[in-house]
Amino acid sequence: MPDPMRIRANVHADGVDVRVLMSHEMETGQRKDADGSIVPAHFISNVTITHAGKTVLSAEWGPAVSKNPYLQFKFQGGSKGDEITVTWVDNKGETRTDKATIA
Amino acid sequence: MRPGRREFVKLSGVFATLAAIGLLGEDEARAQQLAWNKAAFETKNLADTIKALGGSGVAESKDIAMTVPDIAENGAVVPVAVASAIPGTQTIYILVEKNPNMLAAAFTLPPGTEPGIATRVKMAQTSNVVAVVKANNQFFVASKEVKVTLGGCGG
Amino acid sequence: MNARNFLACGALIALAGACATQRYTPPTDQETLAVIRAGFQDRGIAKVDRLNQTELQAACSKYRNNPPLEVRAQLEKAAAASVKYPGDGRWLGDFKQGERIAQTGVGLQWTDTATTVNGGNCYACHQLTKEEISFGNLGPSLYHYAKTHGTGEPTLRYTWGKIWNTHAYHACSQMPRFGDAGILTEEQIRHVMALLLDPDSPVNR
Amino acid sequence: MGRDRAAAFAGALTSVALVLLAGGAAAQNSTTDEIARYRQMLQDGNPAELLVARGEDLWKTARGPNDVSLERCDLGLGPGVVKGAYARLPRYFADADQVLDFEGRLVYCMVTLQGFARADAVKNPFSGVGERQTDIEALTAYVVDASHGMKIDVPQEHPREKAAFERGRYLFYMRGGPYDFACSTCHGADNQRIRLQDLPNFEKSEAARRAFAQWPAYRVSQGALRTMQWRINDCFRQQRFPEPIFVSQATIDLITFLGVRANGGTMEAPSIKR
């Protein structure tokens, strides 16, 4: 199973600041291994972040997003103690969901 | 913060298991996978990318603020932040002109989410980083050059 | 170092915590070298015999790169004698190939092979052109080298000698002996010479 | 990481990236200023955090033939004390009758507590390109993170500790191999760079403190957390030396020399670097 994410969500005057780190190789499909054969592409293709049953961010990624991806954004309407849920799916169908409480 | 983290680690374990045995989330996961715009992620130039994203043209905009380093010490991780001041911003796309495939990432920002995003992308070489914003179903663009340098003493 | 002292110390520490008061004798060079040798292994082309120091390496290590005058003179003389100048009088090759050699630093690491074409890695330590902004500063800037040094026979000889065996001019220089140690071939050195001295080279533009 | 720093970040910055927008426009900086800005932009969101979490779980998991966790491992401050331990290593351990760095001590605990064969414990300590990070890397991430913000205090009381320092110094200045390099070739003068990478001068405490404080580090160029033993290993590779043996006395001696030079600094590891 993929490693857990690190999620920070903090309330500020102008909204909830969300920062997410994901553990993923993000193989480009361009790299060759020691034997000279191409390492197949393996990357997170979709990310969905929800708060109170509503999507606050969705993303489509290609393999050019850096290894162990990081993203940061801000949304309105969240309060301290609320839960946000982050789900990613990769191009091999692996998925991972983690939750964090807004601080 | 530690107990919180451990808690969600356990929780998500449960979710992953449920997804794996098909009780929860698998349909959702599959739907998400289907929502990946393969054609757009295989484009080699801006015009083709815009077309694959459903646009007919693109206009330069001063209302897109990009934060990228002028020089990246390593191309594997180039921090990119894009903020749009264009009303009705729906989606922010990050593209790297000289990568094998130009489109790196697309972020859809529903109402209530600030029209800004920060992430990190790979750059194969010195190139323009391009931010495209879709607002009211029209496309806008801004770009900035990032120099990718060589480092170290062994390579 | 007295091994027995330390064994006793190990046993004593539980009793009295008296170790810190044990007499300390600095390790001899021989003891140190034995520990160093035991701490390395062959890997690929990088064998442990690389720890066997040359006379120059030993002297420069011992004197922290600042040897007494007479030692210095002797090292420089020996280095000067090692320089092999181009037999056919052809000093300059192709500056474009020279630029590639200056850019790459591969070679002679355990991750390289015996057939790896070595680089010169000049940019690691020197500025050379205006275009390449990623350059080190362990060595002096060589930008506009031909303009500052001229292109006459003395400069050609000096530059070749400096690349072949830098110690001919400065006993404990930090620069590798590109010719003497077999890092670059004679032909590769010609290309690097061209990078530095060809008027059309980006170094001199 | 995380815990304390997360709060600090949240408090100090509404958003690193968006705040930087303001400064981005006025960009006519020199190359080194721009590189500094690049490094600054990386500081938030260090993927080493992902590995700290894995390392913590691993530390507390019963493993090995003896099926025990590492929670009773004595890192020098008593069995089970992890907080602050990394900042005081290498040091002399009476039970091992040896000066050990963190990774050396970890191997010792894996062998003596968990019952691993030494050969298994030291096998493949560093992950390769595209490989999952090793257990040793994960455990190191966890333990060093627990010394974040602590003063570097590498002891020089025991005669063995003093001898380790002396031998480490000898190795630091020892020129060898086909390039005639020593550690001091690159790390013995102020304000030196290889390409655009700064080279700390280990003859000066201030530079030594800054450098030592930032290892282990997440290397973005490799997409992996790298340990101090890896740092030493990769320096010797580029120095064109033979390969230093993982946690050999010679590597520990060198780390002791560097650590003592850095005494008084404040641990910032795991950091994030090129």
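Chains: A, B, C and D, in written order; residue numbering restarts at 1 for each.
In the analysis below, a residue touches a chain if its C-beta (ideal position, glycine included) is under 8 Å from a C-beta of that chain, and two chains touch if they have at least 3 such contacts.
Here the structure is a predicted model, which means the values were calculated and not measured.
Peer 1: Does A-D or B-C have the larger number of C-beta pairs in contact?
Peer 2: A-D
Peer 1: If you average the Cα atoms of subunit C and of subunit D to get two centres, how far apart are those centres in Å?
Peer 2: 27
Peer 1: Can you check how far apart subunit B and subunit C are, centre to centre, with Cα atoms defining each centre and the answer in Å?
Peer 2: 45
Peer 1: From the mean C-alpha coordinate of subunit A to that of subunit B, what's the distance rounded to whole Å?
Peer 2: So the centre of subunit A lies 11 Å away from the centre of subunit B.
Peer 1: If a residue has to touch 2 or more other chains to count, which residues of subunit B qualify?
Peer 2: Those would be 1, 5, 9, 71, 76-77, 81, 116, 118, 120, 149-154.
Peer 1: So which stretches of subunit D touch two or more other chains?
Peer 2: If we look for residues of subunit D contacting two or more partner chains, we find 2, 6, 15-17, 31, 45, 53, 186, 194-196, 220, 223, 237-238.
Peer 1: Using the touch rule from the top of the page, what residues of subunit C touch 2 or more other chains?
Peer 2: 105, 109, 111, 123-124, 133-134, 136, in rising order.
Peer 1: Which chains are in touch, pair by pair?
Peer 2: Pairs flagged as touching, ordered by label: A-B, A-D, B-C, B-D, C-D.
Peer 1: Which stretch or stretches of subunit B touch subunit A in the complex?
Peer 2: Going by the criterion above, the answer is residues 1, 4-5, 8-9, 11-13, 15-16, 19, 25, 28-30, 32-33, 35-37, 41, 76-78, 81, 96, 99-101, 103-110, 112-114, 116-122.
Peer 1: In their complex, what parts of subunit C are in touch with subunit B?
Peer 2: Touch list, subunit C to subunit B: 103-106, 109, 111, 121, 123-124, 133-134, 136.
Peer 1: If you look only at subunit C, which of its residues touch subunit D in the complex?
Peer 2: For this pair, the touching residues of subunit C are 1, 5-7, 9-10, 13-14, 19-20, 22-27, 29, 31-32, 35-36, 38-43, 46-48, 50-54, 56-58, 60-61, 64-65, 105, 108-111, 123-125, 133-138, 174, 176-177, 181-183.
Peer 1: Please output the residues of subunit A touching subunit D within their complex, sorted ascending.
Peer 2: It is residues 3-6, 8, 10, 12, 14, 17, 19, 21-23, 25, 27, 31, 33, 39, 66-68, 70, 72, 74, 103 of subunit A that touch subunit D.
Peer 1: Please name which positions on subunit B make contact with subunit C in the complex.
Peer 2: It is residues 71, 147, 149-155 of subunit B that touch subunit C.
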